Amino acid sequence: MKTMIREHLKIEPKNPLIIEGLPGLGMVGRIATKYLIKQLGAKRFALLYSPHFPYYVVVNKKGNVRLLRGEFYYWNNSEGNDLIFFTGDSQAQTIEGQYEIAEAILDFANRRNVKNLITLGGYRKEANGTPKVIATATDPEFLKDALRANASISPPGNPIVGTAGLLVGMARFQGISALCLLGETRGYLPDPKAAKSILLVLQRMLTVTVDLNDLDKEIAKSDEILEKMRQIEARRETYAKKTRRGEEGKTTYIS
Amino acid sequence: MKTMIREHLKIEPKNPLIIEGLPGLGMVGRIATKYLIKQLGAKRFALLYSPHFPYYVVVNKKGNVRLLRGEFYYWNNSEGNDLIFFTGDSQAQTIEGQYEIAEAILDFANRRNVKNLITLGGYRKEANGTPKVIATATDPEFLKDALRANASISPPGNPIVGTAGLLVGMARFQGISALCLLGETRGYLPDPKAAKSILLVLQRMLTVTVDLNDLDKEIAKSDEILEKMRQIEARRETYAKKTRRGEEGKTTYIS
Amino acid sequence: MKTMIREHLKIEPKNPLIIEGLPGLGMVGRIATKYLIKQLGAKRFALLYSPHFPYYVVVNKKGNVRLLRGEFYYWNNSEGNDLIFFTGDSQAQTIEGQYEIAEAILDFANRRNVKNLITLGGYRKEANGTPKVIATATDPEFLKDALRANASISPPGNPIVGTAGLLVGMARFQGISALCLLGETRGYLPDPKAAKSILLVLQRMLTVTVDLNDLDKEIAKSDEILEKMRQIEARRETYAKKTRRGEEGKTTYIS
Amino acid sequence: MKTMIREHLKIEPKNPLIIEGLPGLGMVGRIATKYLIKQLGAKRFALLYSPHFPYYVVVNKKGNVRLLRGEFYYWNNSEGNDLIFFTGDSQAQTIEGQYEIAEAILDFANRRNVKNLITLGGYRKEANGTPKVIATATDPEFLKDALRANASISPPGNPIVGTAGLLVGMARFQGISALCLLGETRGYLPDPKAAKSILLVLQRMLTVTVDLNDLDKEIAKSDEILEKMRQIEARRETYAKKTRRGEEGKTTYIS
């Protein structure tokens, strides 16, 4: 099996822009992309399969089974660029697979006349508060658009790992202008707050508006979980301090 | 060397269904498949070789040596679907190899007009008692057949790893309808009991009956081994508790 | 770069038999093969290069540098089969590389009308005394030849890892009859004694006689090294016992 | 994506010699090569991309993003051989990738009539003082040139790992004469001193002179850092000794 894309619905997009968000740091890119797909009612029109995905299959609620895959969605925008979305179950598991899948996506996009690409992901940061959105691009104009929409310029040297990075890096080979938006996240839990920050930037950049209520609910839930984890951690710390004091006492006594 | 299948016996199967069972969790799939092959007297007609198998060869009782391989067997069923079996020494050792071998098997099956595929394996579960059989399929009808035959529907999200999973996931590319049956097993020892549960489901689904006496003997042997291991573990635990008590005593004394 | 064989000397072998010995367990195969090459004055006529060898180059005594490689040697035997030898710096570093290199060697051998192949290696065994030679073959007659020449039949299930195994396993695809001879060795040091056992079997099988004096010198040297290591180990053990007694005393005292 | 070289500037070099220095031990090769490029004002004329580089992209000071890559530079030498330089962000991440990239560079060099190649790197050595330069070559004459220019002959058996090694080992397949110069370095920090030793040898070998002042400044900075690290290490050692004495005291007391 080679990496392959199967189109089950013919689309004829006008000035399409492609937005990518795969699982990664804090699941930020995937959450943002899937949220847009759902709120806009975008239609799945093609699937990507690859021998570089993990070698297992997943079962759905009806007991049906399917390969891991990438999914292309299409949204017909009456006011501006049509949107194509790419999301999926997994990133490639090998270096060569990462390059191969990124190339397959760009090649597919190019054949559908895509001229602009935005990749979404997470950016590791310990800070609290509203997550910032870090931007980097292949093209100064595209970057300026993002900065005007409230994104911050990426610090130099920042490595962008995986498909979100490679797509932007390889876009120029297909004549595609590319932007990467990364939401600040601690990264160890799915982070809808970082996803929201990205969506706010995207809405300002594109002629697209979506209701963010459902995302706010997810954020509230995720805040609760975080708060509980903080309490558990605080108790663990208190306990550890006590124990350490005991041990220090002991050590002093012995020596 | 590429993955290749060498056919040394021409077969002309009627409505063949292929059953796969390779080494995996609890060796469940392999035990069940090999048992069927033996009891039905199925004939080996083709061998699969691959550079994705481990790089060693094995020696048989006569001092003869051979590559690791997959084996296809054929059973001419006078009453229903002819059966083709696939089993072997090993699964592929790399991700890409897993996809390549699954594709080779499906391609081979397709060229012999196979329309249905059943893969067998183990499902990790700590519980005791008679192991259940978990089912998942590409096709609701095929799944219903399995449920009617006493299998249980797989929980959603369950990942099915390796060839048993990929064959089912990739079957649709060849127009093959596929079912996966997983016997519950702890997985760390060969588990003939889980294999028997699968065989009971298969017998109800297919017009095939085999004598299960030999398998019951294997189960009795395996139960004995398990019982001995439990006794050893129990003694080890008792000993460990005593030792811990000693240590705790010591700690208290020092500090 | 692909795996490739470059022939710098045209040879026209009569009924050639190929003998392979690469680095492996106890370096047994390589020591035996190189010794034969040296004693017979066989001529190097071809080199094998591969991107599956480790990615470094080695420097010789004159400061000259070269890739890791496999080497083919040719010995014109006036009395029986001509001999081709294959040895080299390294085995392939990946599974697929192991299969690819074995295939390249067999393909090369086949195009030179080689009908018989003997691979040499080590067999892990802790025992002392004269190392036995374990034999396994693709062909009962070839195996009998080895047993008559004082080799022992391999225990069943024994996995033969690496090129020595794969060459024998894949030989039948090229119509080549193959034998594997493994000298018993502890395996953690180069083992000329195991190599000698193999040479004695080979001399009985082939119409070839070589002077074993130089090998006996290497064996004497290696015995000395082993003896020194045993003394160091004995001292270390004595020391460790003393220390343990001290610790046990301490533990008893505390609790 | 395959490994590919994209030339954005046509060059017509006279008797070009190529000098390679990628990241590696002590960054010696890369520092030396980049320093030459900067001082000579060599022009970047081609870029190498490969799916064997790590799968991330890097961001520059302007927020622009690019793939990891290799870079070819050209310097028109009015007095002797024109120089081509190859440097880059990274070495290949897999064995096969290492061979593939080395082959791509040599093939590219060959098509531009390059007849001589010098690879630069580090050689691990704990000693202090001025680092020596270790030389090895495919060709005795080229080696002599280096020795005359104050390099030392490489000890035999020395493995040269990575692109600096493979380029030299594979050069003969393209009819290119190759030399490898390795500066002695401890290797755990970027080592401009080792790079300087190499530049001194290169200046004697080639009709090229560059101002070494900037490099001397880097050396001064790096010496400061090393001195600070030595002080920290010395304090850590003193502290550790005290603690050990404490523990020994304790142990004696208990037992």
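In order of appearance the chains are A, B, C and D, and numbering begins at 1 in each one.
Following the convention adopted for this analysis, contacts are C-beta pairs under 8 Å (C-beta built on N, C-alpha and C of every residue); 3 or more make two chains touch, one makes a residue touch a chain.
Everything quoted here is computed from the prediction, not taken from an experiment.
S.K.: Touching both chain C and chain D: give me those chains, sorted by label.
M.R.: none
S.K.: Suppose a student superposes the Cα atoms of chain A on chain D; what rotation angle should they report, nearest 5 degrees?
M.R.: The best-fit rotation has an angle of 90 degrees.
S.K.: Is the contact between copies chain A and chain B built from the same residues on both sides or from different ones, judged by whether over half of the numbers are shared?
M.R.: Shared-number fraction below one half, so different.
S.K.: By mean C-alpha coordinates, which chain is most distant from chain C?
M.R.: Farthest chain from chain C, going by C-alpha centroids: A.
S.K.: On a C-alpha centroid basis, what's the spacing between chain A and chain B, in Å?
M.R.: Taking the average C-alpha coordinate of chain A and of chain B, the gap between them is 37 Å.
S.K.: Averaging over Cα atoms per chain, report the distance between chain B and chain D in Å.
M.R.: A distance of 52 Å separates the two centres.
S.K.: What are the residues of chain D that contact at least two other chains?
M.R.: In chain D, the residues touching two or more other chains are 254.
S.K.: Taking touching chains as linked, do they make an open path (line), a single closed cycle (ring), a hub with spokes (star), an all-linked set (complete), or other?
M.R.: ring
S.K.: Pairwise, which chains touch?
M.R.: Chain-chain contacts present: A-B, A-D, B-C, C-D.
S.K.: How about chain B: which of its residues touch chain C in the complex?
M.R.: The contact residues of chain B facing chain C are 1, 51-68, 93-94, 97, 246-247, 249-250, 253-254.
S.K.: Quick one: which bits of chain C touch chain B in the complex? Just the residue numbers, please.
M.R.: Touching chain B: residues 92, 95-96, 98-100, 102-103, 135-138, 140, 143, 153-162, 165-166, 168-170, 178, 180, 254-255 of chain C.
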